[in-house]
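The structures considered in this document are given below.
Each of the two complexes below includes chain A, the first together with chain B, the second together with chain C.
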Partner chain A sequence: MNARRLYPHFFLYPALLIYLALFIFPTLFSFIYSFTDWNAYRDTIRFTGLDNFVKIAKNADLMLSIGNTVLFAVVTSIGKNVLGMLLAVALCSRIGFKRLFRTVFFLPTVLSFIVVGVLFTALLHPDGFLNQFLGFIGLEGLRQEWLVDRSVVMYTVSFVDVWKGTGFHMIIFMAGLLAIPRDYGEAAQIDGANPLQEFFRIKLPLMMQAVSVNVVLSLIAGFKVFEQVFVLTNGGPGYASSVLNSIAFQMFGDGRWGLGTAMNLILFLLITSFSILLLTYFKRKEVDI
Partner chain B sequence: MRKRIGKPLLELALAVAAFFYFFPVLMMILGSFKSSMEASAFDRLWPEVWEFGNFRQVLSGERILQSLRNSVIISSFSIALTLVLAAVASFVTARRQSRFVSGVYFLFIAGLVAPLMYIPTIKTLQFLSLMNTFTGLILVVVATNLPFAVFLFTGFIKGIPRELDESAFVDGFGTMRIFWSIILPLLAPVIATQSILMLVGVWNDLSMPLFFLNDSGKWTLPMLVYNFISQYVRNWNLVYAFLILVSLPVVALFIAGQKHFVSGLMSGAVKG
Partner chain C sequence: MNFRLQKSALALLTCFVLLFLSACASGNKAEPSASGSQPASETPSASKETAPEKVTLSIMVGGNNKFYETITKEYTNRNPHVTFDLQTVDGSQYDTLLRTRIATKNLPDIVGHNVSDMARRYNPTDNFVDLSGEPWVGRLVNPDILKIDDKIYNLPFAASGSALGIVYNKKIFADLNLSVPRTFEELLQVCETLKTNGITPFYLGNKDGWVAQIWGLTTFSEVVKNTDIMDKINANQLKHADVPGFEEALGQIMQLFEKGYVNEDHLSVGFDGLGGAMNSGKAAMTVLGDFIDAGEQVGDYGIFATPGVDNPDLTVGTVTGWFISKNSKNIEEAKKFLDFWSQPDIIGIQYAEDPRFSAFKDVQVSFNPLMQAEYDEYISQGKVVRQYNDLIAVDTSELFRLYQDMFGKGKTPKQVLEAWDEKVAELAKAAELPGW
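On to the complex of A and B.
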């Protein structure tokens, strides 16, 4: 059969055209413009070599935003995956109300960040429910200015994102757990394995594919953080909770396009290098059932 | 023995966790039935007097219908275009092995990971005179959603036996007819998955309208929340009612199609 005639290349062109014009082209464009002084106030664009990156390295606020991005990606990935795994194991055991629990834990995933942002702004208000609850149970000492205190704000934003995102990872872990044949666990129990041994020695190795999908997806999403910060703190107080994308947004508003693009390029490099590292690491760990 | 005590304990622990998990949503639902004075006090969950007029008041706001229209236009066109383009392209990426095809497929897969470069994209849209237009925004949404759609559809089509195409070919079917009458109907499950996932993403999205639409008359429903808050800063009950209206379409769809949504997510993520 003639594959060339039956599956013509021109079927690819419409998708390719839009993708090249509005995704690939801007990406390549950014590799060049990160090394220029491109801005809103001059018509000419000059190559300035590594100037933008030197500027970023010397600016404490910008370096803080890079650190915050990595912190957010790591903290939320750990939170979402550990909690998601615990919930998945619980929901895959023999309990009642499974569907109700699954719906409750998954629901935040389908809410908009603006909704989540407004709700948690109210909850985390200095006189809001959280601080009142802490006072009520006698933990006055734990009360915080959750979104105002520089030292806690990044963890607060991460916490809110973990609340929103855990359900998604829970579902993927559940799929991984349900794919393991039941008799594997039964055989382990007959051999006298306790539930912890059964989980770490049998189930976890057999669901490495779900683990790798979850870790890679949560890290990529974590690096791309923008809306979470935008709706809760807008990067503040000061720069205490700014991240790479929120700075890029701000730089766009300020007309400092070259510098903003350089920040975006740093994000690009962070994401691609982490993904390649993780994917090669997990490739070696996966087991076929 | 351990199992008999363990089960109710686990159920109790999950119930407590679920209550705390659901608390913010509960606060929103109950808050939307409070009077404005009660809602801004932040101290009691349950409304003392139930106020059912909040939703009517929110719906009578002048710009809400316009924003709803904008949201519907942007979501429906971007989903439809993505589905058509991805289905057609994946038919070839799944079936044909040439250097060009594998190069194109690799390019799409790279887009699963790479972040969108906002400022150069704005400049590209300006160059094409598409900045601040629905068309421009829709095309960017399509471009950023194509990688996952092509990945999902290609994987699915690879699972459809090639013999189907071949026997149709022997019967004198051309490419178009094989695609329309054989492949496309079989794609129904992945079309459903892609549509639901994309609707959740596009409906709720803030960053794209924020970057690519600066005219607030074109804003989507979630973007209007900002306007609404500054207008009704002392009326948390109305803000909550508005948030519920913003979330309702997607949440209703999720509850109605939960089985489909969850199984789609599972197969998409784990088979990949």
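On to the complex of A and C.
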């Protein structure tokens, strides 16, 4: 009896140990380091209180990177989820070539971001395909320096991420849609509900779990943005498209480790607070089938 | 229930202690192998006095020139007991790695780096071996450029560093009867002539920060020449933003943008794209250095000093070379290897691949026309100036990014200088430099 109840623990602890040693402890240590002036130029580490955070708050470039991170997370979450939902609804309806479309839309998710980055850097170059195409169809006015102009670069990076990520969210939405028993829809139709009413009153509430998973996952992924920015712009021009992680990466590279961990702590707080808020919100909206 | 909980907690704790102990143990073991030496105890047969002990020399160097491998292999051919662990590191990662390895006292036996950086940032007295007494020191062409507190810590690859300035297409200049501009006004006139003839005056590659900085670097070097500006800045007695020459210099390059003298896609092009674009003949000048990657057509180009001030001198960089780590267990063998590298037939292999001004009196290098002209017009005349990056006490990579921000219209020259002053203060305080 005793051995049997202990049995599952043998499977738990090895993983837990690795998790503790490689994730929890380093994370906790990094929280401590974010209150120090730890850097590559000196052997001693001193506690400096909130100095790092004051520095960040006072520096326009660093604040811009925090703003960019939030902007990216919000824009990509909305983009991926709205488009993903539309595609899921379309692909669960009666249209032809469903399998082909599913594969096509899911394909970008499988690509590595390095490949996507190289591809889009070429497409979005000032003399690249996109601008030439816009010129060709007579829309010269819409031509932009997509990855260089300060006012558009963050949206360009967000767009590329939406392009890549939508397929993944589409699949989760499709799973949610397909899990709803058909009788609900049929009953509604008999009662005279139009397709919009059927979607908003019946399908959406019933697939709230899928929505909550999708929104939380896309927001977390959005806050953690790094490789998208790294391969497309490396945070540039200047700091125009820098995000928390790209700045933290630079700080570590420059040997300003204390400041880098402080940026990471801010990121951690952002992610945790947004996730908790959203999860409690969605928990209330979820309905059991 | 309680007992079981305690037991599992105990098990957990034990595992933890074991894990930590094993981690520490393996850390200790890893140290000698990381520094590249083979413990003598592993090869008892080598203890016979005749057979030399087997040695692995670890070398860390930025970039990936072929001659590193060619020359180390040649050394192994002649000295079979020595093998090499050659770690060539990507340029952008190199500084980070070197900084970390110095901080963790985990340096390889031999490190390739530049003198000015070593002197200002890495405390050579503590970290590297004094090489002033080595046999090759007497043959050096320009020993002064290597001296740190009157001592020599490295075997240089060249007598001076790369020259930076404006690289121009001599054919285009000749076709349009243009002469090399010696003032900023003359440069503007040259640009205007080029533009009216349908040639883009400047093709810039500002996507790479280190390329984007070259205008600022070369003009700043001129501004501070023969002044005490840098001493004051390094001692926290003067700010960049308060030096009118700096703001003026940055204003000049912004003028080139405003007048339409620069390629539109300058922030999308990096160093890799410059050689090809210049070779295509669509532009007449670029802000770069004598290392332009123009392949066979390198003879088409000349270099002149950036005319931020009137009649400027050419900015030259610092010298790169081999340093030997003080913690190395193979200092003697490393010294032998450096002496080997300095021999004419060996360093000749390096110069054949990468022509530079020869570091040694008894070694002749055949230059490409670009470098020959640079030598005749500037170097041999003593018309050279030390680069700003070698004079400022802190790392300048953040400044590169500020320049890019300025080129992308995110900051004015004044704002760049103010932001840079802030960064300098932060870095100087972190390093506890005197006066900060």
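Here, the second predicted complex is superposed on the first by the 281 of 289 C-alpha atoms of A that agree within 3 Å, B and C clash if a C-alpha of one lies under 4 Å from a C-alpha of the other, contacts with A are read in each partner's own complex, and residues count from 1 in each chain.
Here, contacts are C-beta pairs under 8 Å (C-beta built on N, C-alpha and C of every residue); 3 or more make two chains touch, one makes a residue touch a chain.
As the structure is a prediction and not an experimental result, all values here were calculated from the model.
Visitor: Both complexes share chain A, so when I overlay them there, do chain B and chain C fit or clash?
Guide: Overlaying the two complexes on chain A (C-alpha atoms) leaves chain C and chain B fitting together cleanly.
Visitor: Where does A:Asp37 make contact in the superposed view: on chain B (first), on chain C (second), on both, or on neither?
Guide: It touches chain C, and chain B stays clear.
Visitor: Check whether A:Lys55 is in contact with chain B, with chain C, with both or with neither, and answer first, second, both or neither.
Guide: It touches chain C, and chain B stays clear.
Visitor: Scan A:Val162 for contacts with chain B and chain C and give back first, second, both or neither.
Guide: neither
Visitor: Looking at the overlay, what does A:Gly176 touch: chain B (first), chain C (second), both, or neither?
Guide: first
Visitor: Can you report the vertex angle at chain A, computed from the C-alpha centres of the three chains with chain B and chain C as the arms, to the nearest 10 degrees?
Guide: 80
Visitor: In this superposed model, does chain C or chain B come into contact with more residues of chain A?
Guide: B
Visitor: Which partner chains sit in contact with A:Gly255 here, chain B, chain C, both or neither? Use first/second/both/neither.
Guide: Second partner only.
Visitor: Could you say whether A:Phe129 touches chain B, chain C, both of them, or neither, answering first, second, both or neither?
Guide: After superposition on chain A, A:Phe129 lies in contact with chain B alone.
Visitor: Just to be sure I read the superposition right, which of the two partners does A:Ser275 touch: chain B = first, chain C = second, or both, or neither?
Guide: first
Visitor: In the overlaid three-chain picture, which partner chain does A:Tyr19 touch, first (chain B) or second (chain C), both, or neither?
Guide: Only chain B is touched by A:Tyr19; chain C is not.
Visitor: Examine A:Leu232 and indicate which partner it touches, taking first as chain B and second as chain C; both and neither are also allowed.
Guide: Once the two structures are laid over each other on A, A:Leu232 reaches no partner at all.
Visitor: Once you lay one complex on the other using chain A, what is the shortest C-alpha distance from chain B to chain C, in Å?
Guide: In this superposition, no C-alpha atom of chain B lies closer than 5 Å to one of chain C.
Visitor: Can you list the residues of chain A that touch chain B in one structure and chain C in the other?
Guide: Residues common to the chain A contacts of chain C and of chain B are 5-6, 9, 16, 21, 125, 127, 252, listed in rising order.
Visitor: Mind pulling up the chain A residues that touch chain C in the complex?
Guide: Against chain C, the touching part of chain A is residues 2, 5-6, 9, 13, 16-17, 20-21, 37, 39-43, 55, 59, 61, 125-127, 145, 147-150, 235-240, 252-256.
Visitor: In their complex, what parts of chain C are in touch with chain A?
Guide: 4, 8, 11-12, 15-16, 19, 93, 95-96, 99-100, 103, 121, 206-207, 264-265, 267-268, 395, 397-398, 401-402, 404-411, 419, 422, 426-427, 430-432
Visitor: Going by the contact rule at the top, pick out the chain A residues touching chain B in the complex.
Guide: These residues of chain A touch chain B: 1, 3-9, 11-12, 14-16, 18-19, 21-27, 29-30, 33, 87, 90-91, 93-97, 100-116, 118-120, 122-123, 125, 127-129, 132, 163, 168, 171-172, 174-176, 179, 209-210, 213, 217, 220, 223-224, 226-227, 230-231, 245, 248-249, 251-252, 257, 260-261, 264-265, 267-268, 271-272, 275.
Visitor: Okay, in this complex, where on chain B does chain A touch?
Guide: Residues 7, 10-11, 13-15, 17-18, 21-25, 27-28, 42-43, 45, 85-86, 88-89, 91-93, 95-98, 100-101, 104, 107-108, 111, 113-125, 128, 139-140, 142-144, 146-147, 150, 165-166, 169, 175, 178, 200, 203-207, 210-211, 222-223, 225-226, 229, 236, 239, 243, 246-247, 250-251, 254-255, 258, 262, 265-267, 269-270, 272.
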